[in-house]
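Naming follows writing order (A, B, C and D), and every chain is counted from residue 1.
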Amino acid sequence: MSETITVRVRFFASFREQFGLSDETLSVANNTTIRQLFKLLLPDAEIPDRILVARNQEYSDLGQVISDGDEIAYFPPVTGG
Amino acid sequence: MVILLQETFDPWQQMQHYQSQQDWQNSVGATAVFVGTMRDFNEGDSVSGMLIEHYPEMTAAYLEALVTTSIEQYQLLDCLIIHRTGSIKPADAIVLVACWSAHRAAAFDASRAVMEKLKSEAPLWKKETLLQGSRWVEKNTPDANAF
Amino acid sequence: MVILLQETFDPWQQMQHYQSQQDWQNSVGATAVFVGTMRDFNEGDSVSGMLIEHYPEMTAAYLEALVTTSIEQYQLLDCLIIHRTGSIKPADAIVLVACWSAHRAAAFDASRAVMEKLKSEAPLWKKETLLQGSRWVEKNTPDANAF
Amino acid sequence: MSETITVRVRFFASFREQFGLSDETLSVANNTTIRQLFKLLLPDAEIPDRILVARNQEYSDLGQVISDGDEIAYFPPVTGG
């Protein structure tokens, strides 16, 4: 098992604008959680209270550990319909 | 079926077209349809337009799963969801949910529950264009009678 | 508005036509439509056709009053009821109820409540044509979730 | 006030077929109720348990007294929609 894994990270809607990030691919340490990934990308930002996260296009939570090749998304409450 | 559209659509033309192609037409007793339309007024302000952002792969997958589970849960003959993305004008249809069943309770229950799930979980976000500037809609209001 | 029709109607064409003539189109956020359709099967028997009898003056008056009170009770922008009478074939639309409102809860509540009132009180009676003979439908089953 | 009043009586659906009456106009005594009117028209028939009645195109009940010029209707449970 390698020491680092590759992850694609996506931000949507107000998060995309607020954090200035849209679609990033990066290498992170094995066993990184979705919460830690956010802090790696945005060390100076607080994680918004009402954040939603998805892992490989399904709802997940900040405590989940990322696997190699995962796509992680951060977005605010949804407002469709 | 799930259709994500970047262009204006006529909900009733879509209904007519979709339904005419189905082989369950003699078994349907009840059709319940909900259409959400853009209003030119929200939270006390005039709204001249709207942008709908989505997460293409996840939005489609989420809605497809919602159709499948709803057909099973409510014993529907069929379920159709259409949602706009991109640039919207007042009076444009934003969303259509149609549920077909043998008896009316299932179609009523399902159409309302599907809308509620869609509004609370489907990855779609609205940004309103105001007279001055624009703003993201912060949240959807839950429908207390939905389930 | 109330329309009693002796001829087959396309519910989606009626919706498109009716809505295009209204002046509240920029205020509508929610449209809930219910369509009841004739099935070719009921109570364990094949049904090849149906006759719908009504009490013309009272049916129209009852439905007009239902539209008026529902618009007031649910704060609707509009309410449309279409009902067939006379000779019906399987897959024909029998009834359409459409409710337009600013927000979705009112349209959902109203369309279901109007259907329930219509099915329990509007003077209309169905007689089914079976393979052998015909029979009057004895009663409508209430929808436990309607109110 | 006259001793008799004129009333139009209508039967619908299975009642129309069962009782062989559709649209009748007749004179009855003042103070006749909707129940008594049924018995005058159909002295040998029992009033069905689940009868509905209307007076001048509005729901009414068997105990109501008829007025001159009224239209009274008898019909079974409705089955539209």
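Rule of thumb we're sticking to: a contact is a pair of C-beta atoms (placed from the backbone, for glycine too) under 8 Å apart; a residue touches a chain by one contact, two chains touch by 3 or more.
Computed from a prediction, not measured in an experiment: that's the story for all the values here.
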{"item": "Where subunit A and subunit B are represented by their mean Cα positions, the distance between them in whole Å", "value": "27"}
{"item": "Interchain centroid distance [CA atoms averaged], subunit B/subunit C, Å", "value": "22"}
{"item": "Distance from subunit D to subunit A - Cα centre to Cα centre, in angstrom", "value": "74"}
{"item": "Centroid distance [mean C-alpha coordinates] between subunit C and subunit A, Å", "value": "49"}
{"item": "Contacts with two or more other chains, residues of subunit C listed in rising order", "value": "36, 115"}
{"item": "Touch-based graph of the chains, sorted into line, ring, star, complete or other", "value": "line"}
{"item": "Contacting chain pairs - touch in the sense defined above", "value": "A-B, B-C, C-D"}
{"item": "Subunit C residues touching subunit D - in the complex, by the definition given at the top", "value": "36, 52-55, 57-58, 61-62, 83, 94-95, 115, 118-127, 136-140"}
{"item": "Footprint of subunit C on subunit B - complex, ascending", "value": "10-13, 15-16, 19, 25-41, 90-91, 102-105, 107-109, 111-112, 115, 141, 143-146"}
{"item": "Interface residues, subunit D side, partner subunit C - complex", "value": "10, 12-14, 16, 54, 57-59, 73, 75-81"}
